[in-house]
Amino acid sequence: MTDKQIIAARIALELNDGDLVNLGIGIPTLVANYVPADKTVTFQAENGIIGLGGLVEDETEIVNAGGMGASILEGGSFIDSATSFAFIRGGHIDVTVLGALEVDQEGSLASWIIPGKKVPGMGGAMDLVTGAKKVIIATKHTNRGIPKILKKCRLPLTAAHQVNLIVTEMAVMEVSKAGLELLEVHPNYSIEDVIKATEAELIINKVLPMKGLSDEN
Amino acid sequence: MTDKQIIAARIALELNDGDLVNLGIGIPTLVANYVPADKTVTFQAENGIIGLGGLVEDETEIVNAGGMGASILEGGSFIDSATSFAFIRGGHIDVTVLGALEVDQEGSLASWIIPGKKVPGMGGAMDLVTGAKKVIIATKHTNRGIPKILKKCRLPLTAAHQVNLIVTEMAVMEVSKAGLELLEVHPNYSIEDVIKATEAELIINKVLPMKGLSDEN
Amino acid sequence: MRSFINAEKFIALLEDGMSIMVGGFLTNGTPEGLIDLVIESNVKDLTIICNDGGYPDKGVGRLVVNNQVKKVIVSHIGTNPMIGTLMSEQKLEVELVPQGTLAERIRAYGAGLGGILTQTGLDTLVQEGKQIIEVNGKKYLLEEALGADIALIGGAIADNYGNLKYNKTMRNFNPLMATACKVVVCEPRKIVDKINSENVITPHPFVDYILVGEYND
Amino acid sequence: MRSFINAEKFIALLEDGMSIMVGGFLTNGTPEGLIDLVIESNVKDLTIICNDGGYPDKGVGRLVVNNQVKKVIVSHIGTNPMIGTLMSEQKLEVELVPQGTLAERIRAYGAGLGGILTQTGLDTLVQEGKQIIEVNGKKYLLEEALGADIALIGGAIADNYGNLKYNKTMRNFNPLMATACKVVVCEPRKIVDKINSENVITPHPFVDYILVGEYND
């Protein structure tokens, strides 16, 4: 499994039968490939789909939130942007999975701007992080060795104190009131490796081997 | 013509081709009978109809805002209450016609409560008076001799300073910044009769005979 | 995700002291079968949120007559004299809300908003106890979002996925309430195989339970 | 009330310095024929309100490239590098708005609200210069209603009455913008005889003009 597949497969285990889920662009999109067959998960695309299906080349009438040709599943519906964000902001999305530039031990996320360098804009990310019931960050553990999991985000925030779980190719970490707890570590790495690659202080109690690695795809 | 017919026929002259109009219960409802054939006016019912048609006995699936069986015209649509009041509050209704308990020379209206006596509630009246582009009050000039057109409303208000025109069986009066101007008087009455039946101070410049009386129905 | 339930399971959802939103406008679109079951359950001290007070023998009015209601939040009570009587005897609390404000407050809750700014109700009794907020020199009332424990949805055509559309004017408050409650139960008028994805009004993730059995017509 | 117009009449509606809302999400549902005509008109100093900045050769991005735009109000500019460049050269003003907030601000204007209270953007750059309002102990940003001079609506199926529904994901911001502008112009994908009253998304009174001619497919 590639690093991206490891992250996506692990996050898929967090989805429950019946959940309504919004996946961000990039690694988060891959999570859809790992939903177990015995669970029915409905995907939402913030441009206005309940029941997003897979990508469809050359499709121009149905697109996903990345503007790519997509499909809608049986039982799905098309909605306007206000209704779409009513789902997102009204707490009707059970899980959102998003990428990060930085994420910190307080559960704050930075993902939409590098001042003076790159300003793509926040799109729907601020709404998703603020409104979804559970926010999971899917990210490489470091940016070429530079920690992305920090004590406190240095880039402008997407939202403060909203992240619940961080999943990287190295580890699974949960944000609680006490701080950031290291829950699982990938067998390729030691706990020490993770600590070294992480700027945030990690609470270490019982650490398990990372789940979901057997479900190759 | 009865008093009610006089009022309704006169108000119908205020409607323009293409207008979206909401009529309240009572005398206002009669206005629909007097729309000239050369004008297309669309009626809205706040329970969720654009393109309200006439009453239909024993109809239970389509009702008007008074709960009575009604119909929808070709090209009409059914909408939810939020969209219905987006029309009303967002300035998309050209004219609303409503009844009054009291109305005053400042354009304030009282129509929803007589404290200690009768509290039907405001329904959609506060929204209509506040949101419609033009607010016309259809009312008998007095309540059995007791003036309803006052210097200042004594009952709790439906809205302050929103009424544009008052039409009674005796007269047509316009609310302007200067005050309440007497525009037209029904031929059965003198200007003196109107002044006597009105508590409000009337501005009297050029007073015309009431229009619309020839269009019997 | 929706599941189909029977009368017994619905009654098991009910508790004393609950807040219940009930769809319908002067009972058009009110789920009378669910009202029957609330009466059968005989739960007490309910807070009922509905467009209006219904009639003594129809809609939410029946719950008032059956002495199950502590408080009503409605825009109009004129069709149910019992409510006025109980209110003046101080046996029933009545919160009267302008209809458009009621619709927006419910929608706001479902959309995750804390409240909305409206001019409806300014300088009237409705203003009492509320924050007045100035935006660009104009004054607005801050009206708070309104949610409830359970929504009873009527007037709907459901499909096998739990999507809803609504029959004619029965739409009214139903789709708004379906977004604003912890538990959403629909008594459909009929169940079809599939609603076209472009015509769904309430997408299935908003709906928890669909009542099946003798109550559908 | 809607009327059918041609390219020439549309161009006559345009003026330098106008604010223009343009529907579509990454150009899916954007009326490219109307954009062509805005380019043809060569009006300048426009304020463009759209979900995103489109692409250099598609959607509102073309207006930026053609140097007609003074300011954009969008949630995302990542797909149009030209916007970032002009922004850093201070030749283009860019207001980045969270997507859900953008949708609600536009809807609020159309519904006559002064603004809405949201937690999206709290403790981020989005908060700067905005009122923070406390409701029941929780903090919210006050986001003001957003309207414009003219709305360009795409992705629609129109009927002969001027009612609109939308094709698949092309709905997105289109129905919201159709409520929030002084003048609303639609470039439909096709025109049908009549849309079923229960399936209309934008009732005809919201629509002023429908473009006919070579631009429909």
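Observations, loosely collected:
Going in written order, the chains are labelled A, B, C and D, and every chain counts its residues from 1.
The rule is simple: contacts are C-beta pairs under 8 Å (C-beta built on N, C-alpha and C of every residue); 3 or more make two chains touch, one makes a residue touch a chain.
What you are looking at is a predicted structure, and each value in this text was computed from that prediction instead of being measured.
Interface comparison, B-C against A-C: more C-beta pairs in contact at B-C. Between the CA-based centres of subunit B and subunit C the separation comes to 29 Å, rounded to the whole angstrom.
Taking the mean of the C-alpha atoms as each chain's centre, subunit C and subunit D sit 32 Å apart.
Annotation: 35 Å between the Cα-based centres of subunit A and subunit C. Centres computed as Cα averages put subunit A at a distance of 55 Å from subunit B. Each of the following residues of subunit D touches two or more other chains: 104, 107, 111-113, 118-119, 166-168, 197-198.
Across the assembly, subunit B contributes residues 72, 78-79, 82, 85, 88-89, 131 that each touch 2 or more other chains. Chain-to-chain contact here is organised irregularly, matching neither a line nor a ring nor a star, and falling short of all pairs touching. Working note: touching chain pairs come out as A-C, A-D, B-C, B-D, C-D.
Here subunit A touches subunit D in the complex through residues 45-49, 60-63, 65-67, 70, 72, 78-82, 84-85, 88-89, 113, 118-127, 130-131, 156-160, going by the rule given at the top.
Note for the complex: subunit D touches subunit A at residues 25-28, 51-52, 74-79, 84, 87, 94, 96, 98-104, 106-107, 118-126, 166-176, 201.
Subunit B meets subunit D in the complex at residues 17-18, 20, 40, 42, 44, 50-51, 72, 74-79, 82-83, 85-92, 131. Contacts from subunit C toward subunit A in the complex involve residues 1, 107, 109-113, 159-163, 179, 194-195, 197-198, 200, 203-206. Touching subunit D in their complex are the following residues of subunit C: 104, 108, 111-119, 131, 133, 135-136, 138, 140, 142, 144-145, 165-168, 197-199.
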